[in-house]
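Note that chain A is present in both complexes that follow, paired respectively with chain B and with chain C.
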Partner chain A sequence: MSAVTVGATGPVVVNEFAKLRHLRVGLVAGLMVLGTVALTLLSTVTSAEFADPATRTWDVPLAGLSLAVPMVSPLLLAVVASRMVDIEHQGNGWLMGSTSGVTPGALCRAKLLTAGTVVVAATVVTHLAVWALGRLAGIDAPVPVGLWAGFAVTSLAVNLVVLALHLVLSAKVDNQLVALGIGLLGTVVAVFGSGFPGWFAHATPWGYYSLVAVAGYEGEHLVTTAPSYLSVLVLVGLAAALFVLVTSRFDRQEARS
Partner chain B sequence: MTPSLSAVLGTELGKLKRSLSWSIVVLLPLVMVFAGSFMTLVSQQQLADGWHTLWLRSVVFYGLFPLTLGLGILASLVWRPEHRGGNWNALMSTPVPTLRIVLAKTLAIALLGAVMQLVLLIAVVVTGKLLFGLPGLLPPRYLLVTALLVVAVLPVAAVQSALSMTFRSFAAPVAVALVGAGIAAVALAAELGGVIFVLPHALTARATQLATGTFGDSGQLTAGGSLAIVCASAVLTLLVVALATRFQERRDVRV
Partner chain C sequence: MDTVTTVNLTKSYGRQAVVQGLDLRIPQGCVYGFLGPNGSGKSTTMKMLLSLVQPSAGEVHIMGEPMNRRTRRRQLARIGSLIEAPPGYGHLTGGENLRLVQRSLGLDEAQVNRAVQAVRLDKQLDKKVANYSLGMKQRLGIAMALAREPRLLILDEPTNGLDPAGIEEIRELLRRLASRGVTVMVSSHLLGEIDKAADHFGILAEGRLLFQGSREQLFAAAVPDVLIDTPEPRQASAVLDGRLTTRVEGGSLRIGGIDNRVTARVVADLVGAGAPIYGVRREEQSLEDVFMTLTAGGRL
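Right, the complex of A and B next:
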């Protein structure tokens, strides 16, 4: 069998999916869905804007989602990335992969594809669950499809960028304290991001959670805004270029033991 | 002769040299105080109630999530060397009783946690004086709250140590800490005060709310409230250490 066939993307990704089961990545993704939906639900039912059944709108759960996603996602994405990469550090996976034609960079790219698929699925389930629970809670107003879809897509894009960053970090620095510590500090930036000026929000990937928020409270009033599509587009482009660059540099490094 | 607890603790602290533990111990409290202060400056608001407002903005959110997650990461760091190579069996083959190992690991994590609270306290004082020019010094009740916080990190240190002992993964116990912190936040928001006797993460979060008037707190630092924190810390720590020791003695070496 040639090295090209062995190292082809398809089988490597299939292998990565097989690894997910024992890593309990599904469980962590489930926690992400559960945590986000629970926080959204809590902030919705405790909101004064939700008290009158006749005037209930989707803006309230959207404000809840805009707060819950940055609170829950950054750390759990760091956990997913660390779980997926740490086994290669502990089990000599980098060296084994290299000797069978799968370079460390290719392994990282396969991990992003695999974990990214899980994150996309978790995002779809989260938004559908909030919609279903909103209907059950008696929100009869028409769904603001454009605004909601914009938030879903842009917040997913930020999540994928943060995931890619953590995969690279966990792979580069053996001590997982660094990746998880940065994930924790990232959570703080994500949560406080909306209170910081625009330039600060643009400075780190976690600040973009505040740029994609579509609803929030200004004093007592609930206001909606469109997500910053252009900022997110630039972030995704920059992150994709950096991810390809860094992982191709991994390919040119001597195999690690 | 078996090594004493202080000797085992000394060994554990020695393992932490060049482990980057300082990045969590120092950076996390600094970032939390900085975030609270920066938001106040950006919004061009004044600290309505001086030191009290600064303390509240620096400490309450820190206690809800970052503190327990930081302790979770430190616990994983302390146990990480034992899960690598043949170190696990080497640890289990030493003449040190399991209880002493579990206790030393817990104390090492709690000691790092105690330093975190001191860094937080110093950061609040420095920010209050230099950035906001607050009159006088931080009221003494917050020194007492810091001392109670040092005690309150013990049960979280114990439970996260037990988890990191059980799981080889660095990240899994941190995910459990997030779940614990989430349940604690909901329970404290619902003003279920008794949760501090059951869930260590809630106890730590509650200790950060003392004298702040947030969640179910009265805004006063009472003897009863302080005693409840100390008693719950002692009971939960002893219980978790005993359970972890018993579990570990049954597990022993692995191939």
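Right, the complex of A and C next:
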């Protein structure tokens, strides 16, 4: 007979991966990749710069990516978080975890680690797919590795912050339509964030998608710019602290009667 | 030795006291029936025993050690529980759900198999929990609680949704566990569902413990009415008029709340007054009657 161990972290994370089975999170992540790549390719092949081999540079797909990521990510991240958390509401999982020594906060942290892994994988696949398809489409210019890597890392960071926010939201509010509605509003903020003043972009996590965009059009000219590293760094620090604080409060929360 | 003891266990939300000054004593290896009408504080008490809800006052000791946030993890390793709705992820099969528990508690295959066999769920493990009946979900929840082979099992209304055969199976399971030395605390608002399994009882109403003790003590706590069989019940009633509360029921006179000494004197008075008596007996009462008496017909 094994000695019973209660509340160890490793098995909690492994269990979260096991719970993903039949949950179609992989499908949602696939849609995220497919949607982002499709929108990027569409905007690339329809741009004037792409038509002329002399101006066919990587700035064009990067501009497409900078637009596609905020269009696709916020809602699908909300869906991923909602699917992963709703099973706890439906299956009395919070209480089951608590009686096995796994507090609701620990469960949320394990979910961020699990869903975060899926999001990291989706991001890597998306960027690799855009690079491969760009090459196939005839973009022979040298890859702006620094700029692209900067965009990949900062947009991933914003995605993880939005994911963390949605995990907390879905855990706090039983009705998942609320979380999905907020995800939809987030998409609007993310897409139109660049049209608002700078302070507005900093006011919500979704606004940061406009701060990490590395290419876009100013009038008819395609311009590139470095992501706002400092802003994203501050966002990640603040979000991490808040996530730890809120999930620690979940740990101390009493079981609902 | 008592497996569970509480001292002045109290829980209030704002000004509303949900559980008041509970001193529970649950002996080792017994099936403790925790009874009370809906809303009497049973679930809150059980959650406090598991340290899922923090008491406003008082203490909980499990197997001689305090149960609180600091000791909870260690204590939970030896306590199985099923609180409120049965747990289970609907998108996974019963077997996959049990593997989650197995991994989370570091159990071996044999422990899980024994728990599954105990609730007779072995043929349903490949089915998704979403397609389980409520009874099957209850069994799965109990299997999850049993898998760690606990020394204390806390079950909140485990017979909810079960058919009569399922209820009998659970009763039998509880008795079997107790015979192996496991202490079982089982709550219900329906006495009939657990009275055959439990040997100790705690009766809760409005957050207060009305009674606690063995089955025999419970019967002794509520004195049953005395029925005096006589062809002249009205004459007999007139003899006792003003001294005792009596009621004529067909060929009997019913007298409530009198002990054996008073019963003997009443019989002597009636015989002395010339009332014909051919039978004196205490009304047979079921545990249900005792429960209803103690809780004022379930109104408490």
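In this section, the second predicted complex is superposed on the first by the 249 of 257 C-alpha atoms of A that agree within 3 Å, B and C clash if a C-alpha of one lies under 4 Å from a C-alpha of the other, contacts with A are read in each partner's own complex, and residues count from 1 in each chain.
The rule we apply is simple: a residue touches a chain if its C-beta (ideal position, glycine included) is under 8 Å from a C-beta of that chain, and two chains touch if they have at least 3 such contacts.
Keep in mind it's a predicted model, so treat the numbers as computed, not measured.
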Touched partner set for A:180, first chain B, second chain C, both or neither
first
Chain B versus chain C as contact partner of A:14, first or second or both or neither:
second
Quick check for you: in the superposed arrangement, does A:230 touch first (chain B), second (chain C), both or neither?
neither
Partner chain in contact with A:195 - chain B first, chain C second, else both or neither
first
Would you check which partner chain A:145 touches, where first means chain B only, second means chain C only, and both and neither mean what they say?
neither
Which partner does A:90 contact after superposing on A: first (chain B), second (chain C), both, neither?
both
For A:101 in the superposed arrangement: first (chain B), second (chain C), both or neither?
second
Under the stated touch criterion, which partner chain does A:79 make contact with: chain B (first), chain C (second), both, or neither?
first
Considering each complex separately, which residues of chain A are in contact with chain B in the first and with chain C in the second?
90
Which chain A residues qualify as touching chain C in the complex?
1-8, 11-12, 14-15, 18-19, 21-23, 87, 90-93, 95-96, 98-102, 254-255, 257
Within their complex, state which residues of chain B touch chain A.
19-21, 23-24, 27-28, 31-32, 35, 38-39, 42-43, 61, 65-66, 69-70, 73, 76-77, 80, 83-84, 168-172, 174-175, 178-179, 182, 186, 189
Residues of chain C touching chain A in the complex
18, 43-44, 47, 50, 52-54, 72-74, 76-79, 81, 83-92, 96, 99-101, 103-108, 110-111, 128-129, 144, 148-149
Chain B-facing residues of chain A, complex:
24, 28, 31, 35, 38-39, 42, 71, 75-76, 78-79, 82-83, 86, 90, 175-178, 180-181, 184-185, 187-189, 191-192, 195-197
